[in-house]
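Multiple structures are listed underneath, in structure tokens.
In what follows, chain A forms one complex with chain B and a second complex with chain C.
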Partner chain A sequence: MSAVAEAPVAAATADARKAGDWLLVATAILLCIWVLLPIYLLIVNALSSPQEVTAFPKRFFPSFDVGSLAFFINFAGVARALWNSVLVATLTMVLSIGFGAPAGYALSRFDFPGKETFRFLVLMTRAFPLPLLALPLAVMFIRTGLDDTALGLALVHTTLALPFAVLITFSLFSGIPVELEEAAWTLGCTRLQAFRKVILPLALPGIAASAVFAFTISWNEVFAAAVLTIENRTLTAFLLQSLGESPLYLKFAGGAALVVPALIFIFAVRKYLFAMWGIANR
Partner chain B sequence: MAEIVIKGVAKRFGGFTALHQVDLTIADQEFMVLLGASGCGKTTLLRIVAGLESPSQGEVWIGGRRVDHLPPRDRGIAMVFQNYAVFPHLTVFENIAFGLRMKKLPQVDVERRVNRTAELMHIEQLLKRYSGQLSGGQRQRVAVARALAMEPDVILMDEPLSNLDALLRLEMRAELKGVLAASKTTTIYVTHDQVEAMSLADRIAVMHQGRIIQAASPVEVYRNPAARFVGSFIGNPPMNFLPAVKAANGSWSVAGLTLPGPKSDRQAIEFAIRPEDVEAGEAGLPATVRVIEPLGPHTLVTCDVEGGLFRAVLDSNVAVTAGDRLRLAPKPDRIRWFDPETTHAI
Partner chain C sequence: MTNALKKLAGAALALSLAAGGAYAQQVLFWSTQARPVEETQKMRDQVLKGFDGPVDYQVAEDGPWLTRLQAELQAGSGTIGVLGGLHGDFSTVGANLVDLSAVDIGQAKVNEVYKKLGMLGTGEQKYLPWMQATFLMAANKQALQYLPAGVDLNKITYDQLIEWAKNIAENTGSPKLGFPAGPKGLKHRFFEGFLYPSYTGSMVTKFRSPEAETAWNKFKELWQYTNPNSTNYAFMQEPLLTGEVWIAFDHVARLADAFNQKPDDFVAFPAPAGPAGRGFMPVVAGVAIPMTSPDVDKAKALVAYMLKPETQIATLKATNFFPVIDVKLPDDMPASVKAFSVAIAAMTGAPDALPALLPMGLGDLGGKFNQIYSDSFERIVLGGEDVHGVLEEQAAALKAIIDQAKAPCWAPDKPSEGACPVE
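Let's turn to the complex of A and B:
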């Protein structure tokens, strides 16, 4: 009797689980399309000749015509903007790691009053809208002479990248057992030597990843770049300004030039970004 | 020469007192085991000697030198950690050589010392490997070799065997004892395993709630516990305790049995006896057998004596069944008495 009663129940739960599985797969596919389709279209159009971009129907594989990309690269001001972007992003990277890694180390190794509050505040800085800051910052930068310089923009980008640098390096250092450091101390190391000889070699890949992430944040940032620079535009600000009136194929080429490096960087450091949120994915 | 003197060392973490005024002297080349349940302060005490933790008050002297203000590297110690702490980015050779390189020894000496200690710990075939390619037991050998290579005056060990499986632990225990005796260092060894403590130690310091209850040779700690806690913590099964009431002529009545005992002003004290120190006979403590566990060489019998739990280790020839009424005669020279208020031995 009970076996008869149980069978439909079991079947029902199996059905429900199956439906749940389908829902999960469908959602995953939808999200993938949501993210991947624009990137696909961008790359296909960037690698097509100008005629093909406006033609219909589209070809599934691009013709690998680099004409529009070549034209874009030789476009007046692009090389300069590219150089500015690299300069600002590099400065951001150095500043973020320079300040962020020591903060991450301190958070992981020392107990101090207000530690939890500090961690929370680090995250809260990301909740502060940049447009609100931009005008007073612009005024202040003009007064101090930092306006329209790579350093000025890098400082703003550092405030954006720093919270991530702190949190990534914090999880990184927390993952290295403190006993390794203590063992080094008992074997004749000072605190600094122990850090250099034991902790740094183990943390270096993660720190590099965190640096690349800071680089990418600066590389992609457009608002502050557009407001705070005039002559020394970064690539994003330059594209925002000049591509509005450009033909469609040039827009695609510019977009690809911007997106592809960032994509490659993020892909390279993805496992450390997961680690930041405490998801072990190794 | 490295005598370790711990004078009035206390440690407080916020409102919690981990160590209360601990005094302990460890002779040169002595093997001292700090034994206690987790949270008794034994690891904290070891870390204070190592310099990884600073005492809230008190002094630590090593080899006639006050060291409590010195960093670990200046104390002439080497330490073996519970989770081995073998550096994962270095080979076994470089791990063992790590401290020697910090001392800036010439390469010839480094190689000679690494090879010698590796041979001693039987890991000479592993020198080119990384920590990730080693088993737990091998990692532990590397950790010990790394400490020995420093040729320190003092070796500190924090539960070095507790992460190994039982068989390996037994094997490493005997090996450690031989190696450390040959190295002529002073050793402090922290463990919660009483068998490990008994088998390794020259002296055991039994710790409880941040205090050293007794520091004496293993046999002394086992035979003459200084406090009730020591008797109940050491020994498997532990000591039996029964209430004793004052009777005439300075003797004490225990479960109806009258025994000669110590002089005390109290009306009631505690009688204690090890399970193996009773014999089934004509006269003795009246016991009702509850559970019988034959263990081969002897039989563990759990009984009821006046409503209290009582364990006896009897000869396996003694035939008993559950429900039997026995008379358990305590060996007179093995009876111990405790003050129920102070819990100290009388």
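Let's turn to the complex of A and C:
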């Protein structure tokens, strides 16, 4: 008797599970389209001739007309700007981890007066809009000779990236049990050795993730880059100044020129990026 | 990982320090004009190549342009050699510009009105006119079949334009008039220099007059037949090329691409006329030298070079901005220039022509001045608010700005003693 009663229930759960599966698949597909469609359109239009860009309906496969892209590559200063972008972003990455990771460690391991205020102040640096700060910054930079250098710009970008570096590494170190460190001390490690041999290997993927984050913050920043550099402009500042008012086909080509290097970079470091969501602690 | 990072950082640091210093010899031309990449490219390759010595032509948006300039002025030393910008760009920094009256421009005869404009109300030549442009109407040839009978494009009026747009909308099923009302579009110039003068013969004084109310009501009528996407448009050449829009109003440099890509598809014609005349606004760009310019003599030579007839023609080809000196144009001009020069001649030479100058003497309040017109548009046309009420409120704001700047009237308003009145 009971078997008869259970059969429809089992069927209902199976149905529900099936529906759930469908929902999952549909959501996954939707999310993929959400992310991939703009990139697809960008690439297709970047690889089309100017006439095709304004034409409708669009072709599914581009005609692989590289005229617009070639224009970009030959546009005076693009290569240099690309190099500057990489340089500034790398410097930003190194500086923000160099300053941010020790700060995050201190916040998670030590109790000191003004700790909460410090955490708050770190976040406060993001409260002032850059256009407001750019003028006094530029004046100071011109006077000190930091003006128009990659290092100067990287310092500004570091200020932007630092709060994230501090907070990410803070939660990262907090997730590693202090007992591990204490065990190392009892076995004869100094504080520094314990950090280097026990904590650092565990935290490294997370640190790398926050470094990548700093890299992208620097890569995407426009205003400071546009004001503080002239000859050594970053690619983003260099292109965005002109792209906003360029014809459509060049906008697509420029967009692709901006997005593709960032995509390649993210793809190369994706392993570390995922660590930001806690894989590091396992 | 750490070692690799250290090496990378070291290399980056060394390179970043080594990169400075190599550019001391060239003149930095810091400009808000010719920003689209193709124009920038042409400015470098075709216009500035002929100058005796290297020129670094760098463009920036208005915000960074001004911030950078102000920073150099405050710091008391700079890298910018020559400035390029619109009249309004210079008005905020006039006190810090070198007097250019002694620059030797040879035989070139510079437009006197513009030259006077370049003095920014002082006794010194703060900037020299560099190039000029204006706004025009452009239409897809497909639209011409719906043109109401008896209408001459070169003498078109606002009423005829409304009728034409209505015809198109009714016959094709969608509104096909386009207007650069997006965030980066130049809609404020249309109200300041075209709609207001055409209906009121004034830009400021008659801001809340009954004639102004008529103008706004006419524009609301026109808006019914305007593509609703217009609030996204910045450059009308794009919707013209895609066919979204058949009739459009915009700055010539923002229409040029349509004519150059498909010369046989489009016609250019003058801005329409209203009861008070055919209002239009010439746009003047100038070149100036900041006090902090590292090499003033070289910079002056570059300014003089920009005004040579050959340079002016090369600039026209590169940017679609017309010469400010008397010069005969050669025959090998791009399609856009050919189409525009005829339409511009028809507009400026029309018997009812009513030129309206860019706002003068407002200093850094220019942006707020433009905002009054954009806000009125948004409230009246997009928000559907009562025309009379909005104009009363905006007129008070306008008066406050003019009074604060103590700006006397400029054309088409009659010269005033003291601040320009808002009746």
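Definition applied: the second predicted complex is superposed on the first by the 197 of 282 C-alpha atoms of A that agree within 3 Å, B and C clash if a C-alpha of one lies under 4 Å from a C-alpha of the other, contacts with A are read in each partner's own complex, and residues count from 1 in each chain.
Quick note on the criterion: a contact is a pair of C-beta atoms (placed from the backbone, for glycine too) under 8 Å apart; a residue touches a chain by one contact, two chains touch by 3 or more.
Bear in mind that the values here come from a model prediction, so they are computed numbers and not experimental data.
Chemist: On the A-aligned overlay, A:266 touches which partner chain: chain B = first, chain C = second, or both, or neither?
Modeler: A:266 contacts neither chain B nor chain C.
Chemist: In the overlaid three-chain picture, which partner chain does A:130 touch, first (chain B) or second (chain C), both, or neither?
Modeler: neither
Chemist: For A:151, select first, second, both or neither according to whether it touches chain B, chain C, the two together, or no partner.
Modeler: The answer is second: A:151 touches chain C but not chain B.
Chemist: Let me test your reading of the model: by the given contact rule, A:142 touches which partner, first (chain B), second (chain C), both or neither?
Modeler: second
Chemist: Under the stated touch criterion, name the partner, chain B or chain C, that contacts more residues in chain A.
Modeler: So, of the two partners, C touches more residues of chain A.
Chemist: Residue overlap on chain A between the chain B contact set and the chain C contact set?
Modeler: On chain A, no residue contacts both chain B in one structure and chain C in the other.
Chemist: Provide the residue numbers of chain C that touch chain A in the complex, in ascending order.
Modeler: 1, 5, 8-9, 12-13, 15-17, 19-20, 23, 28, 30, 35-38, 40-41, 44, 56, 58-61, 63-64, 67-68, 70-72, 74-75, 77-80, 184, 234-235, 237-238, 241-243, 257, 261
Chemist: Would you tell me which residues of chain A are touching chain C in their complex?
Modeler: Within the complex, chain A touches chain C at residues 50-51, 54-56, 71-72, 75-76, 87, 90-91, 94, 131, 134-135, 138-139, 141-143, 147-151, 154, 204, 208, 223, 226-227, 230-232, 239, 241-248, 250, 254.
Chemist: Given the complex with chain B, which residues does chain A contribute to the contact?
Modeler: 177, 179-180, 182-190, 193, 197-198, 201-202
Chemist: Could you list, by residue number, the parts of chain B that touch chain A in their complex?
Modeler: Answer in residue numbers: 50-52, 71-73, 77-79, 81-83, 85, 87-89, 98-99, 102-103, 146, 150, 156.
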